[in-house]
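Next come two complexes built around subunit A: one with subunit B, the other with subunit C.
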Partner chain A sequence: MSEPPVIQTRELTRYFGRKCAVQTLNLEVPRGCVFAFLGRNGSGKTTTIRMLLGMLAPTRGRATVLGCDSQALTPPVQARIGYLTEEHQLYAWMSLREAAAFQSAFYPGWNEKIFRGVIEHFGPRPEARVKDLSRGERAGLCLALTLAPDPELLILDDPALGLDPVARRTLVESMIYLTRRSDRTIFFSSHNLADVERVADYIAVLDHSVLRVCCPLESFRDNVREVRLGFTGPPPPLPHIPGLLQALRLERQLRVTCVHYNGATEKALKNLSPATMEILPLGLEDAFISYLGKQGEKSFILADTEVPS
Partner chain B sequence: MALLALAVLTFLLTVSYRQYGAELQRGYGAVPPLGQAMTQAGFFCAIFGTVLGWLQIRAEKHRDLWAFLVHRPMTRTAILVSKSLAGLCLYTFGAGLPLLGFIILLWTPGHVAAPFEWAMTRPLSVMFLLGIVFYLAGMLVAVRQARWHGSRGLGFGLALVAAMGVFVGHEFWQTLLILTMTGGILLLAVWGGFESGGNYRNQSLPGKVGLTLACTAGTALLLLLFIGLSETLVPSSSGPSYSEYRFTTNGVVIKVIHHGVEPPKIVDLNGKPIINDKTGRLLTEGDLSPEENTPPARISPIFSPLDERSRPYSYLNPYRYYCPWQVAGKKIWYFTPDGSLVAYDIVTRRQTAILEAPAKLHKFSHGPGGFIPPSHSYDSRITAPWQLVASTKTLYLVDLEKRALKPIWSVPDDETIVGYWGYATIAGSLRALVVTRTVVKMLDLEGQEVWSVPYPPSFSAYAGISCLVLKPSGRFAVIFYPDPKADEGSGGNLPSRIEWITSGEGVTASTDLPPLPPAVQESPLLSLESLILPPALSAVAARWKPLQWPWNSACLLPAGLCAITGWWLGRRSSFSRKSQVGWAVFHLLFGFAGLLAFLGVQEWPAREECPGCKKLRVVDRAQCPHCGAGFPPPEKNGTEIFELSSAN
Partner chain C sequence: MNFDCVINTGSSTPIYKQVTDQVRRAVATGRLAVGDQLPSVRVFAETLVLNPNTVARAYADLAREGLIESRPGRGVFLIHKRKVFTREEGCRRLEPLLEALIGEAMALDFSPADLQAALARKLSQWLSENGGRKNNE
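Let's turn to the complex of A and B:
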């Protein structure tokens, strides 16, 4: 990467009381990409985003956004950042027209065409008040207000929350459209992995406040594999496997999900003398669930599961 | 909400005006309509301001709506200024318009049966400004990220202090100063809180100072409330100790010594207990007549030019601006600042008559001519001399029916009348007591001298006079009291002077009454009060409630303990040296109140064990303060996938 990253964090940490919400986060988001920021509920995604935008002060460490300290974002830098919040909150008493007029007054680069284009997808009436909009319509309005200033960096906190499939598809298409320009970057968090799979170039995964993954999407999928071992009888005990995520024992089968599948892993599994051995790639959702699920956690109830200590 | 406020305040002021009208019709005389209106306006502006300020911030209490507000290309200061301007416009609409309308009503002839001075609008304008202080307090309460049962409401304390200051301040400029200071502190606190999203830690220093001072005012008020409640709940085994002079009806001076709740002792000027001639036992308060049991009525001559500033009332007191003289039939007579007497009709509420002295006094200047009001007294036993009125040179008999003045006595060219009052003799006839800079005279209504005594040499040092009508008839006593400021300047050593006079003989005796010791309050809760009060507040409170040793210095010990506690907590949380010293000074000044505020505003960082030295270290410092070790990276579990250049 020759250009500096649009977002960079160094040892970024945040405590709430004694609970560590974000622990020593070192992250770089390259310019011109779609960067998905994933994690389970309570893993620290929204906290991180709020620190990046100066809404929350870090306990330790620092972050820069578009080259500016996140705790001292200047108005010109803020004009280049679009931020869509999780719950799509707006002033309930405003009408669509008033909300647009309010927001456009602050952004010289306001693009009315983009605003109308997004709004028409979601269909609310211009004179409708925010409090009378459905959740999807409100989300659409928030998205339109965020995109219309034509920002260089989009930070979206679970933008598809509460959207129906059609609205979600519209959102995804908007994101794809935006990133046609190479100087645009999207940093978003989401629980909808199908959408992430469609648009993301990179992903980062927070696991209990710690960053465990930061790589291209393809690398994540390639690194998380399921190996199915077939046996003629009950499967033998599983030895220590580096990078083991889950192991599911069935009557005559052992399904092992692991990271960094390599020669050593293959050799360890072949030593079990399976009758059959099949390596399967996982979709993003399966890989994600396997990755963030607790080791040994049963995804569904079948035969007993044994996990080596 | 502003419309509702406009309606409510207009209603309240209308009620107040109607009440004034009703009392006027009942013949209650010169009842200024400002008094009740001021009280109503004060409460209303405080409540409206608080609610408005609170709502303005709480409207964005949802963190995502707050983010929508502040994430835009303008500084948070600009956003706050915009919000505040909008809020103040609403406040001015809701509170200012009705008050302005009320003032216009008072100013317009035919609505109030009294002269109008623009200075009368000061109390209402102060209430309006006080509402702005409460507005800022409301914003501060809403903006802070704190629990309600914790320190969130503490910032409101400073607004309450401002309210108390408004009523304590005697002059308008003093109140403006108090409002400016408290408003300025609250503004800093609000600004700092808005900038940091309600957190203390990452505020700028001015914001932190403002917030800390505001919260300290709140904790100090809580402590005072605690002390006050304790005093009411715990019966006091002793009350104040003080002495006072009293006079018998035949002019004997006695000293009454009060000591707590014990029965007072009555002694003579040599300290010897007095025996009741009738019972043979020690004289008690019960043996004295009601007249003797009450200190003599004191009047004060006027020494300065006749304008509203020379009147002894606080600027909040309507009688500072209204100088009513008497109610005659359906007319109320007032003194005006330019030395005239004007009459207002109770029914039409318009000026119907004016009585001017031969040469008028110009406003704010000395000189002969205009009428001066009778000397003021707070004692209802003194009756106003309705038939008498004086200029600085001449005493007149007044006939209001004929609008006629009859001069009955004048001073030489080099003399000035500074005060006059009326006294009824035992036989029931009216006498005029006239005071100049050199002499005190009693005259009959023909202007004939009944008696005359010289004024004490240091005229300006003796600003108060009592005149006692003694038994048998023809005997009087005049007491000259030292001016409080002059007395303070001489260390409280100025004696009161008493002269006994007999008609036809002049002064028959005189003596100087030694100054009495100041009152001392002794209470079992005194120790608690003196320990808990902040040293800075104790120093101020000593002016009104002086304490004896050791209680006047007792607050220093707990202040020291608070400073030590604060130092220990700061050290535990790795405060910088500068911060430690600042807080130590703060605790020494503000004691318990300061420590509570300190605990309320601080956001204490968590502490974890350092992997290097195994000691507890705060998590908000990159290096351990003990061994300098940094924080280790998160423990790897073998499942990490990093393929970007600077990841962990």
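Let's turn to the complex of A and C:
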């Protein structure tokens, strides 16, 4: 029998007034994986994370984290979870050393070596005061405080937000370092798909409160294809194409992005009798944009605009 | 290790495939020879800042092709330099590179004869530099 998932949600739903923030979410995060939680701004990622941690009650449904109901997490269970958010509270007057001493009092498994390792990675001196840190150094301190208790499950809510490329790379390195222990699980939300491509085993995509994708990273990419159809004249109108995400109409070309590309899709496209037909794989970012961008057909925004000579 | 792997995120080529392609290319050009050791999955992943599972998948593919072998406790080694692609697949992969070469050459005002001469010159230079390592089977 396989191990129970580290995070499991059953029809997890949350309304704010009449607005649905998360809708009947069913999610499973296996132990030992790096799981990227994606979606546009306001799609419900943070609301989900807050429910997972018991900071917010679901309107319906439930979630279990490390086998416990998320609404009844006891301090010993909470100590096994590392949570990092942008609003991480720090006392400005403390030195880094004092911040570590303060935080460690709450965690029996505090590992000072991890704390120092991460801090060194990000650069600030242990004597520095919190109020004097740069944004990247501050993020490093928050990460160090979150990693030092050696949590079994790490939940990061958009950890790369506002970091410069160097600090972001350091963050990704820290995440990869954490996977040295195969029983550690990382669940993180992000908008940076280059980072996601480097570290994630699985991705889940929320779109307007609804889970649209939950699968291994590579399956997602393999599923989305761009087809370029060349025509000798203006392209014909597009009939119903199974799995169509987007279609872009150019002067003598149709570019069609499809999900679950298969024989039926191919047949429907060939029926348009194009002069040339080219099937291209998509990068993660392009696949993501096709998935979450505006659906349907469009022509290039400026196609009809004459350029004055 | 006598070869550098360069990873491009945002490419339409998945990362594990970028790794396998580059190992194959290093073998084909003689930069990696039979008996050479590759970094462990962990070292490779941390050096290139990649998920170790991605590297493990690339290594598994290369092992399945008979190109590398993992010797427990000692490391990962290149065991064979055999033909990795069928002729047909090779041609398919060469095609876009040839197109790009010809396109660039034409844009630079090379005549077909000039291009052929330049290619022949480069090829013989390459062979004299790498010829020794090309036959290390």
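In this text, the second predicted complex is superposed on the first by the 293 of 309 C-alpha atoms of A that agree within 3 Å, B and C clash if a C-alpha of one lies under 4 Å from a C-alpha of the other, contacts with A are read in each partner's own complex, and residues count from 1 in each chain.
The criterion applied here is as follows: a residue touches a chain if its C-beta (ideal position, glycine included) is under 8 Å from a C-beta of that chain, and two chains touch if they have at least 3 such contacts.
Just so it is clear, the structure is predicted and the values come from calculations on it, not from any experiment.
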Is A:T257 touching the first partner subunit B, the second partner subunit C, both, or neither of them?
-> neither
Check the residue A:Q246 against both partner chains and state whether it touches subunit B (first), subunit C (second), both, or neither.
-> neither
May I ask you to decide whether A:T185 touches subunit B, subunit C, both, or neither, giving the answer as first, second, both or neither?
-> neither
Of the two partner chains, subunit B (first) and subunit C (second), which one does A:L284 touch, if any: first, second, both, or neither?
-> second
Given the touch rule stated above, what does A:S174 touch, subunit B (first), subunit C (second), both, or neither?
-> neither
When the two structures are laid over each other on chain A, which of subunit B and subunit C touches more residues of subunit A?
-> B
If you stack the two complexes on chain A, which partner ends up touching A:V34: first (subunit B), second (subunit C), both, or neither?
-> second
Of all residues in subunit A, those that touch subunit C in their complex | 34, 169, 172-173, 176-177, 179-180, 193-195, 197-201, 218, 221, 280-286
Could you pull out which subunit A residues touch subunit B in their complex?
-> 1, 8, 11, 13, 15, 17-18, 20, 23-24, 26-28, 30, 50, 53, 55-57, 59-61, 71, 75-76, 78-79, 81, 83, 85-91, 103, 106-107, 202, 210-216, 219-220, 223, 242-243, 245, 259-260, 291
Contact footprint of subunit A on subunit C as seen in their complex | 7, 9-16, 42, 45-46, 49-53
Touch list for subunit B against partner subunit A, complex | 59, 62-68, 70-75, 196-197, 199, 201-202, 605-606, 619-622, 631, 633-634, 637-648
